[in-house]
Structure formats: C-alpha cells, structure tokens
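Below are two complexes that have chain A in common, paired first with chain B and then with chain C.
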Partner chain A sequence: MDETFGNYSILGKAIPRVDARAKVTGQAKYAADIEVANMLWGQINRSPYAHARILNIDTSKAEALPGVKAVTTGKDFGGFKWGWSGPTRDEEPLAVEKVRYQYEGVAAVAAVDEDTAQEACDLIEVDYEPLPGVFTPSEAMQEGAPLVHDDRPGNICVEYHWNFGDVDKAFAESYLVREDTFQTPRMAKGYLEPPAVVAYWPDPERIVYIGAKGSPYFPYRILAKCFDLPLSNVRIITPIIGSDFGGTKNDMTPADFSAVMLAKKTGRPVKFVTSQFDALTTDLRRHPMWITVKTGVTKDGILKATSLKAVADGGAYTRISPLTMFLVGTCQTLPYKLPNFKYDAYNYFTNNPSSAAMRGHGLYHSRFAADVQLDMIAEELGLDPVEIRLKNSIENPKPGEIYETVNDVHVATCGVQECIEKVAEAVNWKARKGQKKVEGDTAYGMGFAAATYNSGTKLSAHNACAAIVRVCEDGSVNYLTGATDVGQGSDTIMSAIVAEVLGIRLEDIDLKRVDSAFTPVDPGSYGSRVTVHAGEAATKAAEDAKSQLLEVAAQQFGVKPGDVDIKDKKVFVKSSPERNMAWERLVRIACYETPGKVIIGRGYSTQGISMYGLADFSKGVGDIGTNYSFTAQASEVEVDVETGVVKCTDNNVIAHDCGFPLNTQAVETQVQGGSYHQGISAAVYEEFKMDSGQTLNPNLVDYKRPRAYEAPMTQVIHVITNDPYGPFGAKEASEGSCCSAPPSIVSAIHDATGVWIKDLPAQPEKVFWALKKKREKGQK
Partner chain B sequence: MIAAFEYFAPKTVREALSLLAKYKEEAKIIAGGQSMLVVMKQRLLTPEYLIDLKGITDLDYIKYDEGKGLRIGALTIHRAIEKSPVIQKHFGVLSEMEGNLATIQTRNWGTIGGNICHGDPAGDPAPVLIALKAKLKLASSAGERIVEAEEFSKDYLEVALEPNEMLTEIQVPTPPAHTGTAYEKLMVMKGDMSIIGAAVSITLDSKGGCGDARIALSNAASVPLRAKKAEKLLIGKTINNGLLTKAGEVASTEATPPADVHGSIEYRREMVKVFVKRVAQLALERAKAA
Partner chain C sequence: MKGEMKELKLTVNGKPYELEVKAETLLVDLLRQELKLTGAKVGCLDSACGACTVNIDGKAVRSCSVLALQTNGREVTTIEGVADGDKLHPIQQAMIDHGAIECGFCTPGMVMSAKALLDENTNPTREEVKEAIQGNLCADEGYVKYIEAIEIAAREMRGGQ
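Moving on, here comes the complex of A and B:
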C-alpha cells in the first residue's frame, strides 16, 4: 500500500449518518406514513389453503358493501406473469387458477378505510378444490408427488452439477474423509417495517408508485410491463426504508400490483400496509437447506477436496432461487485453498411460502456447514481450530497479482490470514486451552470460524450504477443517485464520497433518494453491491463536476487545470497554496462569469462490467463478485447444561477485511448488529415452525428474535487490504461477517459441552436432548 | 379486525358492578388489555359490551401491614409491583417474578388482576401467589367473597368468576418465620412466557427440617399446578440435594404439560425436574437466611 493511502479528509473515519437526525426525531417518512388526498385503503383476500384449485371467485357481496370502491382479482392482469428472469416468470400478481402456498393473494379490495376493506375481503367468496401438497424437499422429490407447477416435473426448481479438478481421486488420496449433513432453517428477514405502498395514476398514461422497496427499479421495470407503459411513464419514489435484508422488499408483493390496479380502476390513490401477521406468513424467507459436505484432508489437515450437496426448499415460486443455489456453491473455494470441488444443487418447489435472498445470501448455508466440519476434522486430527484455518487460508495476493480458484473466482485482496491471527490474539486463544470451563450448571466454550462474501455482485442483466452531481450556484450540492439506503448507511457513504472528491464538507451535500422521474436507473440494493458500484459512480460523477470547476479555477489563476486542486472548501494552486479562493466564490464565478455555466457531473460504474466477465450459473465458473470480503470470528457461549439454553456473550471478536472502511463507525455497527446479532439469531433463536404449509409461530412472541437483552456486543477489528476494484479500496462490509457467526457459535457449543449441533438453530430442547444422549452414552 | 362493541368506562367499583349485573355474559371487562385485545383481535371473544376498568383509580394500590399482610388492588400494574419498595422488602419473590414478566411496555399496561383473571396456566403471578397462600377478593353487586388463589383457576383460560363478578383485591399473608420463597421459569429470551416455571415456598421448623412446603408450577397443566406429592416428600424431612432431585422427579409425574413450538411434553417434564430442584434449592437458602 502506498503511503498516502487512507489519508482522507472525510473517508476512513467515523462519519455520522446523514439520516440519523430525521430518524431519531421521527421526521423520517416511511411508506406507511405517506398520506395523499382522496386516498383509499386496500386489503388482500388470501387463500386459507396451501394448495388448491380456484374454482370460482364471487366478489359481488364485497362490491355491494358501502364504502367499497373497487375489487380486483388475478384475471384483471390478463395473464401477466413475473419473476426474477425470463425463464422463471412463474408467478401471477394474484393467483388465478391455483394457489400454491397458504395465504397467497387471490383478490384485493379498495375501500374508504382499512376496516371496510377488510370486511369486504371477508365477503369475497372463493370456491376452492383443496389439493394434496408437498411441504418438504423430501416429499417434493418422491415419484408421483403432487406437482406445485404442472409444467415443472419432479418439482425441481433449480438443479446444478459442477465438477472441478478430480474429487474422487483426491478423496482416495486423502488421509481422512468425513461426510456430514447440516441443516439451516426457514427464517424471517427481520425488517421492522413491513412492506407498504401508495400508488396512483396522475393521468391515464402514468403511474406513481411510492413504496418500501430496497431496489426501486425492480417495480419500475415490472410495473411498466404489467401495465404496458413505457418506462418513462412509471415513476417510482422511494421514502425512507425501515431495513430490508433481502427478499420481499426487493421483489413485488400482491399488494404492490393490487395498489396500482385498484388505483387505475378507481382513479384514486390506493394504500396498502402489510400487517406483521401477513409479513410473517407470506413474505419471502431464507431457504431451509440440507447441506451434505464430504471433505478429504491430508494428515496435516490440508484440504484436498470437497463435495457439496445442497437440497433446498424453494417454496411455491422460483423467485431468486437460481442465484441462491449458485451462491451456495460458488464461494466454497474461499476463504480456504481448495484444489478439487464438486457441487450438486437441488432446489424443490413446495407448498410453502417462497424462499429468497437473505443477508449472507447462499454462502451462509455452505460456510456454516463447511466451517463446522473443519472443526470436526481438526478434532479428529488433533489439530487446533486456528491452526487448521491458518494452514488452509488463502494468502493475500501481492499488489497487481490475482488469486484464482479452481472454479475461476478471482481475488485481488484477501485479508483472511490477518483476520484469523488478529482474532486469535484478541481472545488470547492459546491461553484458553485447558482452562476450567464449567461453573455450576453452566458450561463455557469458545469457537472459531472464518468466512467470505462477494461484493459488488454482478448478474447477467443491467449492472452499472450511475450518479449525477449537481453543483448549485451558491456552492451547495445535490447528489442524485439510483441507489437506495435501506438502513445500511449508503446515503452517508455516497454523500461522503462526493464531498471527499469535491474537497468540500459532508453537510454541503444534499442527497436525493430515488425518484425514477429524475434519478438514474440502478440495479438495486442487494448482493453487497451498493458501496462498490454506486460508490464508483459517485466518485466519477464528483470527479466530472470537479474537473469542470478546476478548468474555471485554472483560468482564474492563469495556470493549467492540473495545477489546481480543492481541499477544505478552498481551491488553490498546488505549487503556491497561498494563491487560493473559497469554494463558493469559485462556483459563483463558474456559474455567473464564464458566463452561465451549469455544473453537472455525471458518472457510472464500470468495474462490475469489465472485470473477468460474468459468472456462468450452470457451469459454476466465474465471478459473481467484483471483489470479496473476508472475516474471522471467535465466539463464546454459555450453555445451561440442565436446560439446553445457549447464550452468547460479550466475549466475541470479529476481524473484518472490507478492503478499506470508508466509514469506520458504519462498518463497526453493521458488524455488531447486522453480523453478530443476526448471526446469533440464526445460530440460536430463529426458525419458522411449519405444519403442512401452515406457519405455527407467525408473531414476534413465538418467533424468537433477540432483543437488547439477548444481544451482547462484539469487538470489531478492521483489517485493511485496499482492494483495487472498489472505490477508495473498499469491498463489502458485514455480509461476510454474518456468515461466520453461526459456525463459530456451534463450535463454541461443542467446546463447552462436547456435542455438535448440526441443525440450526440451537434451541434449548434440541441442545437438551443432544446433551442427554451424550451423557447416557458416557454412562454405558 | 375487532368486532364492534359498546364501550363503558366506569369510574367506581360500584358503577362497574352494576354494569356487570346488567349485561352479564354479554359484557367483558378490559383492564390493561394486554391479553384481552389479543383475544378480541383473533375474534376468540366478541363481547357486545366492553367495561374498561382502567379509570377505577380506587383499585390501584399496594398496602402492607405486618399483621394483615399485603393487599394489592386488582388494577395495580405489573411494573408498580416490580418497583414497589414495600414488596421488594417483604415479598421479594413477587418483585423478581414481575421483573421477568413480559416486556416493560406490557408491564406498564397490564394489571395483576387482569393477569390472574385471564387464567393462562403459563402466567407467572398465579403460581407465586399460590406458593404464598394468597387469597383473592371477588365482588359483585350482591356482595363480596374470598377465594384461595389456588382454587381460582378452573381450566385453560377459565377462572372461578361469575358473569356479574370482578376481582378487586389480592391478599397475601405474611409468611411464617424462616420461610423462603422463589420463582424461576425457563425462558429463551428475557420476559418470555414460561415454557415451564416453578414457585416454591419452604418454611423451616425449629430443628432446621422442612416444616412446610408449597410447590406451584406454571405451564405444567391446564391450570397453575400445585405439586402436592412433591410437597409431601419434603415436609418433615431434612432437605438435601438428593431429596430435591426426587421432589423434581415426583413433580414431573404430577405435571401434564402442553406441547407447542417451544417444547414437547417430554422436554417440559424434564424441565419440571430441573426447575423444582433449582427453585427449591433457592427457597431453602432463603429460608435459612430468613
């Protein structure tokens, strides 16, 4: 790294969030807060059956109810189907012939208030012919099993078979080969703000849609197709978003389509706010997955080969499952060197609510399985968990060099070794050995894990982010971005990048959130892509504006544009800084004296497009990421050995290589809340329990999610690698560290008690029986 | 969506009782609404008339007198009991129990009377009150009567209240000397409803043996359950670890717990063993220290 690296005015420090004041004072407007004149309220009529043919829908009683202004059913959409990509368009806005999961939307009502709309929904009579369903992959894969989609034989949603190197030969040559099956549960995404939308038609040719969407250009494209309008006439406005974590807020819901359809029918704005019950029963969930890992190692614990089989419950519709299954496999060759790798993926349709992306998308499942198994291998070989990780982890490539995996994944920077070493040192790993670990009925244990995540995700569609920097004549700046801050802090980062490049203050930047009438098109907030791609666009747009201003400054000082620069709101001649003028004066001169320049900087990202092309899902080769983050984590748990209750403690350290932390505070809080707490949640607490397609715990009392009491803190260590493909050296932050928590916690439980919990979450009863079994075995 | 109802907000007990006398089965009381609103939203109850007691300030009190013991008005909120210095000093177990009852928000709205009258066998106050030999004062326009806390629950969400009656007061006698009482429950997260809970009260005799014992379990049957066989095992003996383990095993055979997403019947039975043993141990230590 060169010596000037990291020496910035604003970036690389703790930057206060630009949206903090509005949020804590309650001034921030979320979708559910939006009220417009003449507005109607909508409600959805949902199917009580998980699988049934729709024989007839009678809406007459609902329409006759006073206060009801319109009713819509799936037929109104004229056969329109949508989905993640062309071949996967298998879902209708409202079910027409068949419902495929419980509470799937069948009809919708707009009425003068919410209660009337609900009452009208209850008056809609739907005749169903209940059908036998499939509720687990093992049921779905049986011969002769009922089909979720009549045109999808075997209920197969996604299937991949990849093979790199020669795993069979490597297994034959291995000293030890282990095969274990792990299980990850169905989880809620965990946004506090359920989806909400207000839609209206300002004229018969134009839609305005204001909704809680993390990727607002999804509805932009989908609604244009659905209502057969040019994109120019679809206006998507994004209010403040109350978090996302992947899935539903990227995608469409029946309420999104119904709001627009009912607004069209009534000529009035229509609002839907999803209830917590509807969100917990119908919103997209993290895929339940069964992951079988077979791994061969040498006597010294060097990885020779891994064969991975993942079986997933995709739920009723395809949604983003092809990407999920790709992600489960692709990064298996990181963060450890793996010369031979085989992957078999099966994702089945079932009559459960659809599964989709969630933080740590895909990698979370396979990293959990493989990292826990690595500890099992270490135990068998008598190796230390830190030692086996250090031995196998990928070294940081020298500047200019690239590490290439067996499946053609390219890594320019990799701080995993440094992460492992720093964590081991911070928790005093060596000294822990042989320490007393039991106090009364409480056993203490510590576990270790390492992980990776792809950042700047690029898919086989539109990938670039774009930005516009508009310098106002008084020196203030509007920043127009297509990227959406869903809570991760991107509005702050984008503003900070623009201010840094222009040489002005953070407060001078006024960021305009997405309004597709004015802001540039953008893929969306998913796949840890915003900082990398939108950050590059921000840099370029700011540089463009700056170069226009430097030209004016050079004229004023009678030098060349390359001889002047701007810092701390002063433009100056580099060779004699006493020749300078204030930023505001420069802007005023540019706008008034030249005469009348309009300073608009533009930029779009290219790193995600140019580097190594795109990944091939069916073959499993290539980069999904523009660059890759790395993490190591040590977690301590306390286990009540009599009850099976597991608690995570403050004795936790996460070292994270996000390239360069643009906002140290944001990285730390994301790692604490978004990684450690969400990781604890996945490891110990959260799971939807199901019975034949019915969710048994659709409320936040029975669906356990830790609150402040159960959320200990973690120490965060920054490991800086300065990646060449990210803005200012940055890579993604905290999705990777979300993947290291579950394996480190499960290994900690083993360290404390000697039992391996291979099936998440480690809820008390599960741990209790495992402990009892072990005790009984010990007595025999 | 809640079904329509007519709403009354009486200011006095007498007013409330005359409304109850008038509408009987068609009326329901609402206090803090923490349970009632859930039940109404789910349409498990659709009362024609709703009588809101929150305005009856006369029933919001905590009084203590060494001779008469503790008196708590039915409309006292959980948080007030948790924070009451008098309760902390003389009936610490009640305050401890309240500290793990739901969230602060719920404790700030929910009342002790509403909790008991809701009749949820997983509720925390009832087993503690049973262990403390508490009594309940019920009132109707015809007069008042006193029932043992232990006799109050009849079945799952069913209590011994006539349609024209309401609960007005909880009476807790001052325990005899050398008594220790404790309550703990199995929670996954702080403030969870009990997966299994145990309240144990132990009174030591002059020789340090167990003069009296009461064991009451939460979420171990369709009502708060007194584990009488387990109590019998302890009374008259010198308590040691082996005896407490046995008491837990016996209590476990008395329990008929439910199964739900938080635990199977078998697991809950195992947890009865653990919690009876643990809580009795704590009660014993307290009795020794008292």
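Moving on, here comes the complex of A and C:
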C-alpha cells in the first residue's frame, strides 16, 4: 500500500499519470512521429573544424541535385543573432563568418526525402581557413590565446566575485582549514529522443512550429524576432516530449531555424529529425568544472567559512552560463549553516560544443565538492559523517519564521535534519560504522551526503505561469496551461490540482498542452519551477472557475456563495450537506439559465516575485528560488579492487523534503531517476572524451550511460515540511537528488577502499590507478 | 543491389502483409514510415538504446538492427499490438499503476523486452528482469519502478501467485 499524505481527495497520493496510457500503448506522438502532407525533409551541413573562418559557401551542386527544393545558409538570416538575454546574443542560426565548435551548422537543405537531403548536404562546398583553437579553460585563459569571439578579450564568458562576512578572519580562527580541488565531467543531457521539428507557413505571414521543446515560448519569442513577425502570428505546438533536462530542448538549434527558413523558401512543411550522433556532438552539455573549495572548521567540526573557486568550460557560445555560474555559488550557504562565504567564478569560452543547464543545474558541481570535502574534514577530526552533517545543518524554521543565509537566501521550510536522521536510520548507519566488508576482491563501503535545490526558480522579466480553466456545459473541464510536461509529470500534477480545487475527478480534466495560439505564455520547464509557479496558476484558475459556479449554486440554494462547497462531484450547503446537487447539474444550470454563463477561470502566479524580489547575479545576493528542497542520501557501493569497477548496491536510500508530495509516485520516480541518471551516472559512468574539440565517443555504445543491471533499487522517504510558498505546501522534487548522489558515491568509494576520487567520473581506470598508488605507498 | 525492390511477406500484430521493400530498408523504417506504426522509437540507430525494440517470433529484437527482409515469413509484434483491444496487457497496466513511466520514449521498447521475457518465463528472478531490459536505456526514471512493475505483471500473469 502506497503512503498517502494530507487530507485531500486526489493530492498527496500515488496518482497514475494522465498520459501513461498513450505512452504505454505507443499512441503518444513525439515530434519525430509527426507527418504533415506534402512534407519535405531537412538536413544540416556541418563544419568539420572546431574553429575556422568561412571563406566561401558554394551551394550550386546541391541545388542542382534532383529532389532538392531549397538550400539555406547563415546569410539568409540577415545578421540575426540570438541568446539567453540581451547582452548574451552571440549566436547565429547558421554560422556566417566563422565556426566556433566542431559540427556547427553552416548550411541546410530541404529535399523530397532524407537521403536526398543528406546527399545534397554533402555536395555543399565550404572553403574554410582553419584557426588555432582553445579547448580547455586553462588554454583559453593563457595570455595571447586565440579568441573564440573577437570581441571577448581573455575568452572570459562569465566572471563573478562575491564576498560575505569575513572569510580571512574566519580561516585564521579555524582549528582546521582544508583546500581541495574537484572536477566534474563533460556530460550529455541524456535524453533518448533526439530533437526533432516540423515547421510550415500556412500563409506568408504565419509560422507553425511543432517541435520537441520543453520551453516552447523560447522559440515563440525567438522565431518572431528572427522572421520579423508579430507574436500573434507564431504558433508553437508541443507534441509529447522525450525528456529534456535543460539546454537544447529549451534553446534553439540550427535545425529549428533552418526548418522555418526552408519552409518559407519552399512553401512546404519541412521536417528535421536530429540523429543521435548529431545530438551527442552538437547539443548542449553539462559544464565540466574545476572547483577549488577551501573550508575552515572548529575543533568540533562546525563550519566557519568557505571560499569557493569555480572554473568552467562554457564552450563556444554564452547560452545560459551566467545563470549556471550564479547557481554554482548561490546555494553554497545551504543546507549547512555557513557564516562566511567567498565565491570566485570564471567561465571561459572554448572551441567545444556549448555548455548549458542540466538537471541539478549549478548546485550539483559545488555541492559535490563541498560535501565530499566535509567527509574529508570529518575523517581528519575523527567525526562521523552523519554527526558532522547534523551539527551543521539548518534547523527547520518555526512556522512564520524565515532562515536567512549570509548571502540573503530565504528559507521558510528546511527538512534536511529530518532527511539525514531518517536516512541514517533506514540504512542502520550506527550499526554499520566500522564494519568494513571485504569479500575476495570486492570491497563494500557506504557514503552519506546532503543537498538542496532551488525550487520555483525566478528570473528577471517575465516569470509568471498562467492557466485557464474552461468548464464545458456537460461538466467536463479543459485545462489550458503554458507549462510543458517533458516527462516530469506536470500534466498530471496540474490536472490533479484543478480537479482537487474544483472538487471533481482527475478523469474529468482534459489538459491541453502548449499551443501558443491558445495557451497562455509561460517561461518554460527549467529550474524546477513548474510545480511551484504553474501549480499556483492552476490553483488560482480553478478557484476562479469554482467561485463563478458557487455563485450559481448559492442562488439555487438561497444561501451565500461562502455557504456552499463542491466535493466528490457534488455541490452542497456546508451546514446541511443533504441539500446538494450533482456537479453536472450545477454546470448545466450555470451554462443554460438565460442568458447562460461561460465559465472560464483564469490565474497566474505571483508568489515567487512577491517574496524578497530577485537575485543579483553580480553581487550574489538574493533568492533564485521561491523555496528550496532538501535531500539526504546514503549510497553503498561495491568496488572490485582488482579492476577498479564501482557498482552501486541496492542499499541506497534518499529522504527528500519536497514540502508536500502532490503525487507520491511521481516524486519517487523523479527522485530515483534524478539520483541515478544525472547523479550516480556523473559519479561513475559518463564523460565525453575530447581531442582538440572533437568528441571521441559520440554514440551510446562508447559513451556509457547507466543501464538497468547496474541500477540501485533506491528507496525514497518522503519528508513533509508544508512550505508556505508552494501550492499545497509543495517544493521541487528530484533536482536535489542529482546533487546528493555524487558525493555519497565518492564517499562510499573512500569508505570501501580508502581512496578519494576527486575527479569525476570514478571510471574503472581512475579507481584502478588510485588503488595501485595507495598500495605502492603502503609498501614503502 | 541498392534500391532494388524485393518481395516481403510477414505478419505484423496478427495482420498478414505482402510488401515490396528495398533490400537496405531497416525493419524500424518499414514499421514507422511504410506501416505508420510509430510506437517503436528511433533513439540511436546503433542498437544501443533499445527504444525501437519489437518482438520477432516472440524474441525481443531491436528493429534498427535487422533488415526488413530478414523478417520474411516471421511474426512481428510491435507496441501497437500488445494490448487486446481496450484491455491492456498486464505489463502495460502495471507500468501505469506503478508509476514507471515518465517521458515515455523508452516505454514501448521496455514493454517489448519485458513481454519477450514474461512470455517465456512468468516467474523470473530480479536479475533476469534486469537482464531482459539491459538493452533498453531509460533517461529519466531510474529503472526501479520499471523493474518492480515487470515483477508485478509477472505475478499477475501467474494468476496472482
């Protein structure tokens, strides 16, 4: 029997997803499954060089190939550049003057079929002048290094320097000060569904774009600007989306722009389906980062100060790097009390594919470094990893009180202590202590970690989610949302909130996915923002519709609107529930009694901004989150000391404070997935191998992704804190587990073998050499 | 010869087909583009992700790794042929009820791998379940609920034992 929380009809329980039937029967349509009559196929011509000047592009042979309908190059876009924000618009739809990473798009073709389009691409002749490149931050920062962007001296993409409290004084007063450098890998986003798009112009003034986008209002705004059309004429339709995890399915790709341009040129629909090779070589990646963390503690292990330096490889274009580097620093003052904090961030342009947001965005890097170092400190001081975490972790503020960090981050609810205690209890941490287990060549060890993640991320400019609840005259309900379910389950959560507020069943709600012609504008699915902001909008829109219906009910019963309520599809007088009528009858009366109402509820979110305003990236103060989730995790690993192979055991427990689990099942799946795919995988499996800008393992055989036979059967414990700033008390679910998994794994490897792997992933070769070095040192 | 049309007779989801296909046509392209059965997904075309898994004569096969002609005279089952009308297969029902499905892109392949296993053995060990879906990459849900759902379905197929 699944756990249930709260006193609700639908929320707080295990709710099967509204889209699961379509997905499990193969009926769900993803972008690549969509066909439009008279459709052409597109392909991109890409640069073989990581850094080169484009001298000439000759498309004549391609255009002459039978079956080719149009060719486009960067010049067709009239100098248009785009980017995450005004100052960061540094990227062209297709490169015009120079290419900055290998396989950057240079031209595109539309033809009658995929093969012809590919053949035509191969006939495009591009003259390049290869340029020397920079392929790591350390190369990029050298004096006189080649510049990726001529107008960006020193190849600096982002730089921040923050200082809170008095770090130097605190270090001087500390009993122990440690400095360690850690490294996180260059990772793929990991979606199996490569990006795909179908675009057409129903008339010369209108675009229809159907594509795999988790933030469909990004292309809405960008395409309007690019093609100089009013927003009202840009229609973005979202099919079912096969995961996103930040990055490419938020932003634009050369195929997105080219599909629209080629559709304009040919007057026909154009479809692009990216290959996995192209996705792995050109899509946005998680930033590889070098994190130096210096921490001072008292003799008892109380944190006095941290100085953090993060150096990141931003790749060829800015994309979302300013936010990444902010996130790496901002939550360093959570989940532990930290009175003094300094942060220096450097993000460099290189001639690698661009880096961007990925599940666990930013916090995953710094939390990995700091939490592993906390275990190193604990070991030096002879303290227990659980004990040192409990000592330093932030207590849950009393209702009405707020915990404020030294960098002005505000926390209304914090379940980290309860998370730590529950995980320690679940894995029987105390009894386990000191019981090293070695069986033949296999050494077992367990590691502990705690983490946080910002929830309901709020950025400057348009930040609100909006919703429309349309009650049809037969009692069925359309829910129109601007939010996009990329797999996390928001369609189910939003439907559940609307049904709960209206007092009807989940199956009465028909959710309309984003079609910008009809649904309200929305920032998108990133930064664990959907549940908090879209959830607030859903609640308000449903309450609005409900209040319109309650007025009608009150008239019918001859009472005041406040005297009636709806539950289990019945409207009733609260003081005498025997006076009631069916939901359908109420709706029918409302819609048909002359002149007949049209019941449309609307609402939009305000919570995130009304509280404490916005964060200041350059100073590092303020809230990026509306509220903050907390996580603790214990992971056991087995290490083959002969080969260095690390594998998780099923002894893996996560306690997660998501405030209130609106759908327990969805929270569990999210947390298990976040931990394994984006956390554990970063710790032990995944990394792009690069050579001068070339990706050496651009396929899912050589690029190791986590599979079922290595998956830990992670147990999830719900910790309830009922956050006042989330809908029904909710905060984000899962990005925290991406952050707690890597440090718990690295500490477990240390517990098993005595070696610290500071450079992720802990692939067998790395562990093998570390063990060998340790053995040789022991023999001396 | 490339481009030469060959005759192909096969059964897909119980329906017999007599087709002319190019020798180089992959089974996944035949299913998705000719027969419009888009349930099998194309993730990688490297036989690495398993999103295109179908059953051929009851065995789980990645449809990007076989030529359409190799299925001559065989019986192919795709995700579209798993449910019995409106009645879902126990594997499908368990995946819905247990919350195994997130983005769903790997789901059709996952169902087909599980079906091939449970059609042969309704009492698999956990290791056998993991082995059966080891060729199916998932990107987001961590495999835990897929593994448990397949075990729940197996119990259902054994009549609740």
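Keep in mind that, in the parts below, the second predicted complex is superposed on the first by the 770 of 780 C-alpha atoms of A that agree within 3 Å, B and C clash if a C-alpha of one lies under 4 Å from a C-alpha of the other, contacts with A are read in each partner's own complex, and residues count from 1 in each chain.
The working rule: a residue touches a chain if its C-beta (ideal position, glycine included) is under 8 Å from a C-beta of that chain, and two chains touch if they have at least 3 such contacts.
Quick caveat, the model's predicted, so the values are computed rather than measured.
Trainee: Between chain B (first) and chain C (second), which does A:S275 come into contact with in this model arrangement: first, second, both, or neither?
Mentor: In the superposition, A:S275 touches chain C alone.
Trainee: Which holds for A:Y709: it touches chain B only (first), chain C only (second), both, or neither?
Mentor: Once the two structures are laid over each other on A, A:Y709 reaches both partners.
Trainee: Does the superposition put A:Y685 against chain B (first), chain C (second), both, or neither?
Mentor: In the superposition, A:Y685 touches chain B alone.
Trainee: Identify which of chain B and chain C touches the larger number of residues of chain A.
Mentor: Of chain B and chain C, C contacts more residues of chain A.
Trainee: Just chain B (first), just chain C (second), both, or neither: which does A:A28 touch?
Mentor: Once the two structures are laid over each other on A, A:A28 reaches chain C alone.
Trainee: Using the superposition on chain A described above, determine whether A:V645 touches chain B (first), chain C (second), both, or neither.
Mentor: In the superposition, A:V645 contacts chain B only.
Trainee: Using the superposition on chain A described above, determine whether A:I241 touches chain B (first), chain C (second), both, or neither.
Mentor: A:I241: touches chain C, not chain B.
Trainee: Have a look at where A:V701 lands relative to chain B and chain C in the superposition and call it first, second, both or neither.
Mentor: Both partners, chain B and chain C.
Trainee: Could you tell me if A:T669 is touching chain B, chain C, both of them or neither one (first, second, both, neither)?
Mentor: In the superposed model, A:T669 contacts chain C only, not chain B.
Trainee: Would you mind listing the overlap between the chain B footprint and the chain C footprint on chain A?
Mentor: Touching chain B in the first complex and chain C in the second, residues 701, 707, 709 of chain A appear in both lists.
Trainee: Using the touch definition up top, name the residues of chain B that touch chain A in the complex.
Mentor: 1, 186, 188-191, 193, 195, 261-264, 267, 270-271, 274, 278
Trainee: Taking the complex as given, what residues does chain A use to touch chain C?
Mentor: 14, 16-17, 19-30, 32-33, 190-194, 240-243, 245, 273, 275-276, 486-489, 665-666, 668-670, 672-677, 699-701, 705, 707-709, 711-714
Trainee: What does chain A use to touch chain B in their complex?
Mentor: Residues 115, 118-119, 642-643, 645, 685, 689, 696-697, 701-702, 704, 706-707, 709-710, 763-765, 768-769, 772.
Trainee: Could you pull out which chain C residues touch chain A in their complex?
Mentor: Interface residues on the chain C side: 32, 37-46, 48-49, 51, 78-80, 82-83, 88, 92, 95-108, 111, 127, 130-131, 133-134, 136-147.
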